[in-house]
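Please go over the structures that come below.
Each of the two complexes below includes subunit A, the first together with subunit B, the second together with subunit C.
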Partner chain A sequence: MFNLRDISIKNKLILMQVFTSLLVLSIVFGVFIFTDINSYKQRKVESMISLAQVIGTNSISTLQFDDPDAAMEMLQDLHNVSPEIIRATIFNNKGEIFAQYSKPGLDSFRIKDVLKQRKFLFSGDELFVSSAITNNNEVIGKVYLDVELSELQQTKAYKLELAAVLLIIALLFSFLVALGVQTYISRRLLKLVSTMKNVSETGDYAEPLGDDGKDEIAILIQVFNKLMQQIKENQQKKDEFIGIASHELKTPLTTIKGYIEMLNMMEQEPTKKQFVEKAMLNVNKLERLIRDLLDVSKIQSGQLRLEMKEFNMNELLTETVNAVQMVSAPRIIREDKLKNEIIYGDRQRIEQVLLNLLSNAVKYSPGENKVIIDSEKTDKDLLIKIRDFGIGVTKDEQMHIFERFYRSKDTSVHFSGFGLGLYICRDIITRHCGKIWVEKADPGSIFIFSLPLKHSFKTQQTEA
Partner chain B sequence: MAQVSEQEANLKAAFIYNFTKYIDWGNYNDRNEFVIDVLGDTTIANSLEQIAKEETINNKPIVVHVLENPSQAVDCDILFISKNCHFTLDKILPLVGKGVLTVSEQPGYARQGTAFNFIIVNNKLKFEANLKAISSAGLKAGSQLLKLARIIE
Partner chain C sequence: MNKILVVDDDIDILSLVKIMLTMNHFDVEAISRWEEIDTRLHDFKPDLVLLDVSLGDADGRDICKQMRTAKETSAIPVILFSANAEMGKYIDDCRAQAFIPKPFELSYLINTIKTYLN
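== the complex of A and B ==
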């Protein structure tokens, strides 16, 4: 069924106004037509009763001298005087028909039986009236008239038609006015809605919404602005905190790392050396986490700078795979067809991306599972595909996996980390005018990123 | 036959009574009673007496006299000359003064000078009116009455 809730505010406002107009006008027109027709009937009854009275007065002598022919003659004249009278009957004081007239082509008809004791009666489109004939306060007869109200039907039809036309015109005007007026309310609301949608999708709150009204919508906009301002401030504070915290954490960590490395070199006793190595492993892990935080902080504050130069993608990939292979169980299989493709970019940052993706793939492919690297080359871009055979990424997660602090909702898998790696990867790749995304494979998933080849990078950069 | 004539007399008496409603006597009718004189027939006089018991004319009681001689018809408002009156019209009319409405029931009498004369048309009682006779008697007859009458010039 038609649901009022599904209509937009704009249409609701228009509908409301048009409906109100329709209601009010219908009532007004209804009352107008009703009273008009009633007063027409009233006038008709009055005029017909007085006509009956005149006929009665004129027929007094015919009744007194028992001259129905003269009465008949008089009734015949009605045809010219008042053609709407289709039947007329005069009764004498004994209740017998004294004289009778009916329009040619009509049968005579006992109006008296229909009317009984009433003075007048509307029946269909006919009016019956009666009037007593009195002489010196003595009732000597009665006149009955049957009046055809063809005029009434015409008037009625005409009035209804007129009302319908006026109603349509009025509704049209009301619609136009509503269309004009509703923008005052709906435009501001719609603007607020679109801004809110935009903010919720992009998380980007650019400018406060301007509105100089004082009504509820204005309050809504003000509150929204205030909320957004608070969110913005909180975000800034958080970013600042991350930046400061990661900086402050990094300094002592660097010192700890230095000492542990020294200890590692000095220590010969196997048990102790094992402890030191464990400590070093964790210090490295911690360093990576802090470095990620620092990177994010740099990205947020716009301090991340790329050192662009040409490098060989094949060489970089080989180095990275070797580095990961050293510490991981699954076999990394290269199925790519890279042949010294030259990329113009920040070699260290691209390495960071590769390391991140590969260690993720290894992390999520435990046991004997393998990781396959593939590549694809188009006119402009080089695509690197890293396929794992792990648990895969759900469709819903594909949308959010590259967002800051995103962690899998799946509680069955629990891996440490801040959920920053893929966010940093996306930022780096985007800065290189490339793209990064994930596709579902069966089993596992494929992480793909594209980078513009050296020859097309400059043109893309200028386009961007 | 007597019954028929009684019925006819009743009708004629009613007509005469109804005539009075449309006739204006002006200043002539200044008596305290309304006098109807009947020449000849007593049947119609009886019928008129019946009416006189119940009705008034111009708020005056009705008095009916049966006359033997037209010379007696002096102080009256209506003089009815019946069929069996022994006197001919030319003997009667010269004796009738102003302010007297003459009513007769013999064919041709209206032409000869009575104001109203009953006739039978298609078995129905009708009447003739002599406008000249009415106006020369100083009376006025209403149009409602005259439209039902056969006008004699």
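== the complex of A and C ==
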């Protein structure tokens, strides 16, 4: 159903102005036409009553001498005097028809009963007029006229047509004016809306919006700016806090990790050694969580800096795969055709991406499922594909999986973590002018990231 | 036996590193106050210094820089460590031999020390 709320503010403003114009003009034209027609009728009545009186005065002698022929003759002349009179009748004082005239082709006699009390009556397209014939204050007869108002109909139609044409022209002007004027209001609002949208999508609190007005929209913009400023400050405080907190967390963690490591080296008894190893695994997990948290706060505050160097992708992949194989069952299979592709980037950060994707792949395909690494090379880019055979990623999840704090809704597979890993991966890859995405495979999913090869990195960076 | 001077304002880390290095047959001197570094360098004559970057009101990188300018200490290898992994990117101008982010694997620490002792 048509809903006023669904229309944009721009169209609403135009609609409002056009509608107001329509309403005002309709009232004005209506009153104008009404008074015009009324005054025409008034004039007609007056002139017809005078005519009837003239006829009455002229027929006094014919009534006194009872000469209906002379009266008839006089009535016939009406055709020349006023062709709009279609019927005329003279009654004598007994109420009998004394003389009558009617336009050829019309039935002769028609009198409205009400005319006995009134002097005139409008009925349809006709005007009925009556006038008493008096001689020395004595009523000796009555004249009735029946007038056709074809002229009135024409005037009415003409006025309405004119009004309609004027109305359309006026509305057109009103529309054009509204179109021009609405931008003054809507432009500022639309700018605010687009900034708000932008902020909510990117989380980037840009410069405050400038507006030098003093109206409600200006207040809205000021309040928005104030809110953004507060959010920005809170964000900064939060980043600072996370920075300090993760530093403080790392210090005792170093000690715990060190002692557990020493215990692990010293302990020979299998059960105890197993416990120590479990503790070790969890310390490492804790360490990763702290690192992710710190990375995200750096990304958010724009403090994440890359240390760009040339490195061999094949070497890095081999190292990373070995590291992951050490802690998980050895089921990562390399099907890539990497030779000695050189990438210009932050080796440590790319390693972080690889570690993240590989450990995710291992984590999300439990059991004996394998993980396959593949590669593809184009003129400019190197693509690394990591295929798992897990539960897969739904179409809806594919859109959000790289967002901050996103976690798989599939409750049957519950893994711990903040849901920051892929967000960090995307940020790192994007900063390298690359892309990262996920595709559905059957079964499982393929995580793919592209990095520009060394020779094309600089050109891509300048384009970006 | 190689002599190693460890400087860290966190007592727990300090004793952990001391125990670990002693177990690995190093002669270790561990101090938590950076003000003592000068005297220890002079008395103990370490073969290597393991130095924390954030030492309360002092910066390990500045201490390292100073060591490089003094004739007596300019040749001693310095390994910096810090809980702030980003620090590793800003050690070039103080000419430290290596940087180890915290938390570290003890084996990695030992290997790094051995690398710069030879």
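Everything below uses one rule, namely that the second predicted complex is superposed on the first by the 356 of 464 C-alpha atoms of A that agree within 3 Å, B and C clash if a C-alpha of one lies under 4 Å from a C-alpha of the other, contacts with A are read in each partner's own complex, and residues count from 1 in each chain.
Just so we're on the same page, a residue touches a chain if its C-beta (ideal position, glycine included) is under 8 Å from a C-beta of that chain, and two chains touch if they have at least 3 such contacts.
Treat the numbers as computed from the prediction; the structure is a model and nothing was measured.
Visitor: Tell me the contact category for A:247 with respect to subunit B and subunit C: first, second, both or neither.
Guide: In the superposed model, A:247 contacts subunit C only, not subunit B.
Visitor: May I ask you to decide whether A:65 touches subunit B, subunit C, both, or neither, giving the answer as first, second, both or neither?
Guide: first
Visitor: I'd like to know which partner A:262 touches here: subunit B for first, subunit C for second, both or neither.
Guide: In the superposed model, A:262 contacts subunit C only, not subunit B.
Visitor: May I ask you to decide whether A:104 touches subunit B, subunit C, both, or neither, giving the answer as first, second, both or neither?
Guide: Neither partner.
Visitor: After superposing on the shared chain, does subunit C or subunit B touch more subunit A residues?
Guide: The partner with more contacted residues on subunit A is C.
Visitor: For A:302 in the superposed arrangement: first (subunit B), second (subunit C), both or neither?
Guide: Neither subunit B nor subunit C is touched by A:302.
Visitor: In the superposed arrangement, which partner chain does A:210 touch: subunit B (first), subunit C (second), both, or neither?
Guide: The answer is neither, since A:210 touches no partner chain.
Visitor: Let me check the overlay on chain A: which residues of subunit A are in contact with subunit B and also with subunit C?
Guide: none
Visitor: In the complex formed with subunit A, which residues of subunit B make contact?
Guide: It is residues 11, 15, 18, 21-22, 124-127, 142, 144-145, 147-148 of subunit B that touch subunit A.
Visitor: So in the complex, the part of subunit A that touches subunit C is made up of which residues?
Guide: Result: residues 247, 250-255, 257-259, 261-262, 283, 287, 291, 305, 307 of subunit A touch subunit C.
Visitor: Within the complex, which stretch of subunit A touches subunit B?
Guide: Residues in contact with subunit B: 58, 60-62, 64-67, 70, 135.
Visitor: Show me the residue ranges of subunit C that touch subunit A in the complex, using the header's touch definition.
Guide: Per the touch definition, subunit C meets subunit A at residues 10, 12-13, 16-17, 19-20, 23, 83-86, 89, 102-107.
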